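Each structure below appears as structure tokens.
Two complexes come next, and they have one chain in common, chain A, joined by chain B in the first and chain C in the second.
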Partner chain A sequence: MDVVKLILDIIFYPPIYQLLLIGLVGSLVVVIFILWFERKATARVQRRLGPYHVAPRVAGFPQLVADLVRYAFQEVIIPRTVDAGIFILAPIVATILSILPIAVVPLTSNPGYWPVPMDYSVLVALAISTVSPIFLILAGWASNNKFSIIGGVREAFVITAYELIAILSILAASATVLSFNFVDVVEAQSRIWFIILNPLAFLAAFLAVLMATSGFPFEIPESENEVVAGPFTEYSGLLYGLNMGAAYMKRFALSILMALAFLGGWAPYTPGEGILSGYLIPSIIVIAKATVLMMAFSFTRSVYGRFRLDQALDGAWRLVFPMAILGFGLALLEAYLGVV
Partner chain B sequence: MTARPVVKRLVKRKGLFAGFKGNVDAITLGLKYLVDPKRFTLIYPNEYIKLDPGYRGFIVLHKEKCINCSSCARICPAAAMRMIKRQEQDPKTGKVKMKLWPVINYQRCIFCGYCVDVCPTEALYTVPYHDIVYENMAEMDWGLETFTRPPEHPVEKEGGIPVKYIVDEERGLVKVKAEGEEGD
Partner chain C sequence: MSVWVYGEQKSDLKIEGAIARRIAEDLYEVFIGPQHPGSGHMRIIIRVDGDIIVDADPDMGYVHRTMEKLSEGREWIKNIPLFERMAIHDACNVTVSYVIALERILGIEPPPRARYLRTLLCEINRIAAHLYGFGIFGVFMGHSTMYMWSFADREVMVELAEKLTGARLTHSYPIPGGARRDLPQDFPDQARKAVRYFRRRLEEYRKIFLDNPVMRSRMEGVGVIPKKVAAELGVVGPVARASGIKYDARLAEPYDAYDEVEFEVPVFEEGDALARAWVKFEEIKQSLRIIEQAVDWLEKHQREAPMHPKFWERSPPLWKKVFEAEGRVKLLPLMANLKLPPGKAMARSETARGEIVYYVESDGKTTPYRVRIVSPSARNAIVFKYIVPGYRVMDLPTIYGSIDYFPPEADR
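Presenting the complex of A and B:
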């Protein structure tokens, strides 16, 4: 039994569990499900069938696995004109950085299973989540191709629009409880979630995450019929798959942040002692909430067309940014009145 | 007449939340379709459209009705139909005669159906399917023996389900199973 306990201790050592098991394996499984859901939901809305022939009995569920195998065995072409070192490194670093916020958030209230001290975890997680877009711009620049440079510049424009909104609206949750500690934020939602208390901030955060991860109304940097694949035009094979996966992994990480900040984290459940009750069940609840959020993000693909860059920026600055400010004001008001 | 310049007025920007209702409507409609999808995709090798008898598919010859008049070969706009000479024994008199028989080359045929229309004795008829694939070009040039038998329909033979599309007032195009036409 000691060996089992040792293995369990290693697996559930918080940095390993959150970064490897949830960050890499979990997000891959969630992304496989979400991409299937996205294609299937879009097909249902557009009166099509969606993925089917890979496995008709489970409605084409392993389609992405088949795609991944194809990507994995494709030749990685590195053109002669690119800056090869940055060209190879940028998607890898972007992918790692996009799942890194998972490693600094609490998935339980049990202090024994926190990966880092939680006093300023909201700030740290938000700060880490803002690093990865730089590498997308870098990938576009290193590709030495006009489409990729235009895509990178578009990405830069979109960052300026969404970053402030995302940070302000998620910080609204921490303003309500007057603490930068994610555990305090989650435990304050044991009675009523912040999505009900502060819908403005939630909506602003929703739109900001959509913009951050090229969700459909804001799929501007990679818009296929304007710039071929944006910053990823020159990529092929596994590196292209990494680039595409990085957006979804970032969406997963930001969804976990939103699930903690607005959907009550592990709220209906009270974490207890031990691995099962103290760590596994609360983290699965958080991931389930994040997955529901990701399904909502994916559903927008089937309804909306793509905004132009100027429309997106106009909407972000004139509509969503004031909404985020209002949400922050609402959070301060609630903190003043002592709602939670 | 020269085009006159027309002053177009830009649509005035409405209030801040004017687009809100449109967004809500779009999402509601999307959710409605997500719950109740009105899809009509034909899953082709497993299903196929059962076409009506008048459809201009592959052309087949009734050899008994043919009077060897060559009208079909003459009217064929793609020169797919041609006449070949074949020695035939007359069933009444027992004499061996040289006769002209039509054969068809499906490399050239455009499925216009003129030969069927022009045939004075209705010796040519069409089958209501055309989804047949050949492995090489030579197989598409039919001889007289092939021409007198209707070709087998691979999708139907491999267990495809015949379906039909009908227009429903509420749901638009609807795919239904075609049944009750096995006899003809």
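Presenting the complex of A and C:
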């Protein structure tokens, strides 16, 4: 029994649990599910079957695993004209940084299971989430390809506009409770979620995350018909797969932040003692909420087309940014009136 | 200005493994195509200043198949399957004017039944081609649902065509003096069902694509061709009609049954990508009307041989026997060695993308002396050069998709 307990202790040692199980394994499972859902839902709207041939009994669920295996065994071509070091490192670093915000957020109110001290977790998580686009731009620059450079510049434009909005609107939740501690933010939502108290900030955050993570119809930086694959034009094999995965992992990480900030985190549930009640169940609730958000993101692809770059930026600065500011103001007003 | 130089490159930038050349300050030259997901079988060389295109140069000819020269070595009838390869989903519209030109040299007119059969297939093809155009247009702007829907619904029209002709795409249906086959018995009901289905679906297309706020903002005011410019550039088809020019070969010089059926030619004044999409959308509606009328007429009138009597009289007895028993007709054997009297003729027809013109010259042999084709996409390609500059890089696929440029048809 001691051995089992030891193994469990190691697995459920908070930093390891959070980075490995929720961070890597969890996000991989969610990304596989989301890609499958996205393809199935779009197929349903478009009156086709979607993925089917890989394991028809579970409706083609492991299709992405098959795709990943294919990517993994493809030849990685590194052209002569690229800056090889940055070319190889950029997607790897971008993927790691995309998933890293998960390592600094609480998934339970039980202090024994926090991976890090939570006093400034909102700020730290948001700060980490802003670093990865730099490496996508670097990937485009190192590729030495015209489409890559155009894509990188577009990435810079879109990220500048929308990531700021995402940060501002998630910070609105922190402004409502006058604390940078994610645990305080979630605990304050035990009665009423911030999506109801502050719908403006939530809507702004939703739009910003949708645009900033470049999902299919809004993938302005890598839109196929203009810039081939944007910053990833020269990539192939596993490195290309990493680039694609990084976008979804970032979306997952930001969805978790949004689930904590607006959807009440583990809200209906009160974490208790012990691993099961104190950690496993609340973290699964948070991931489930983040997954629902990602499903909402995914569904937009079957309805909308792509914005033009100038329209996207125009919308960001003229519409969504004021909305985020208003949401922040609303949050401060609620804090002043002591709503929560 | 010359765009690229082969051979000796004057390179003033040294990048290992790359040939670099300075073109101008603050300009960026991007080669879109021919291996590019947004180009089709062509290359568009654009120069951008920031996000604005200042110069665009369409580089066509990547799928040139020397059709005009090839046709000089083939029998008259074998040229029909050849010319179909210009636009296989628009096969009847593309070849019907060639057949009309042959008929003019022969001095014959097809019987009314054959004219209606051709009209029917022409309109089926027009819808299929417009749906193809819509699909490409949609996916160029990242709207995957439009792409999938129109390609799936195109199948309805393709199957109708298969029912009528026996082939899904390259029908080779019109032949000098008539049509290759008659209608199957259950065709009218199926056609009416398809028309009803399309009336319902078009409403959904409008909701998800033409009236979708995101798509509208992408299309409105993009690639505007004013009426005067459209006339100067000589664009044809939906592109011209979206700019307010009411020109349609079906009106200008009615062929087949177009002077007997009722239809309207939709004309829009705006001249932008949205207007071009609307023209195509309305044309599908008109085509549905024509299909209904043609089917009604064909059902009402008795089956006669869908061939000119001149050919039908000389058909083998088996052909006549099968026709009397089952009402079926197959291609006549004498068509293989058809000889045309010496002469010249010109004919035009309205394909989905615009007017196609054939000039045919015969010197009395079994093969043409000369066939000259002017296809609509070749005439519309000029839009790239004169309309694209001034718009943004992301507008290029919008303009490309909206003029429905089809390289195999332009390059011939």
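As a working rule, the second predicted complex is superposed on the first by the 338 of 340 C-alpha atoms of A that agree within 3 Å, B and C clash if a C-alpha of one lies under 4 Å from a C-alpha of the other, contacts with A are read in each partner's own complex, and residues count from 1 in each chain.
Keep in mind that, in the parts below, a contact is a pair of C-beta atoms (placed from the backbone, for glycine too) under 8 Å apart; a residue touches a chain by one contact, two chains touch by 3 or more.
All values reported here derive from a predicted model rather than from experimental measurement.
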First (chain B), second (chain C), both or neither touched by A:I165: neither
Partner chain in contact with A:Q311 - chain B first, chain C second, else both or neither: second
First, second, both or neither for A:L319, with chain B first and chain C second: first
Touching partner for A:F299 - first (chain B), second (chain C), both, neither: first
First (chain B), second (chain C), both or neither touched by A:E226: second
Touched partner set for A:R48, first chain B, second chain C, both or neither: both
Comparing the two partners chain B and chain C, which touches a greater set of residues in chain A: C
Touching partner for A:V183 - first (chain B), second (chain C), both, neither: neither
Chain A positions touched by chain B in one structure and by chain C in the second: 45, 47-48, 302-304
Chain B contact footprint on chain A (complex, rising order): 41, 43-45, 47-49, 52, 299, 302-304, 318-319
Residues of chain C that touch chain A when the two form their complex: 15-18, 28-31, 36-38, 51, 138-146, 148-149, 152, 208, 212, 214-215, 217-218, 392-397
For the chain B and chain A complex, residues of the former touching the latter: 16, 26-27, 29-31, 33-34, 37-41, 43
Touching residues on chain A, where the partner in the complex is chain C: 42, 45-48, 79-81, 144, 146-147, 150, 216-217, 219-220, 223-226, 228, 301-311
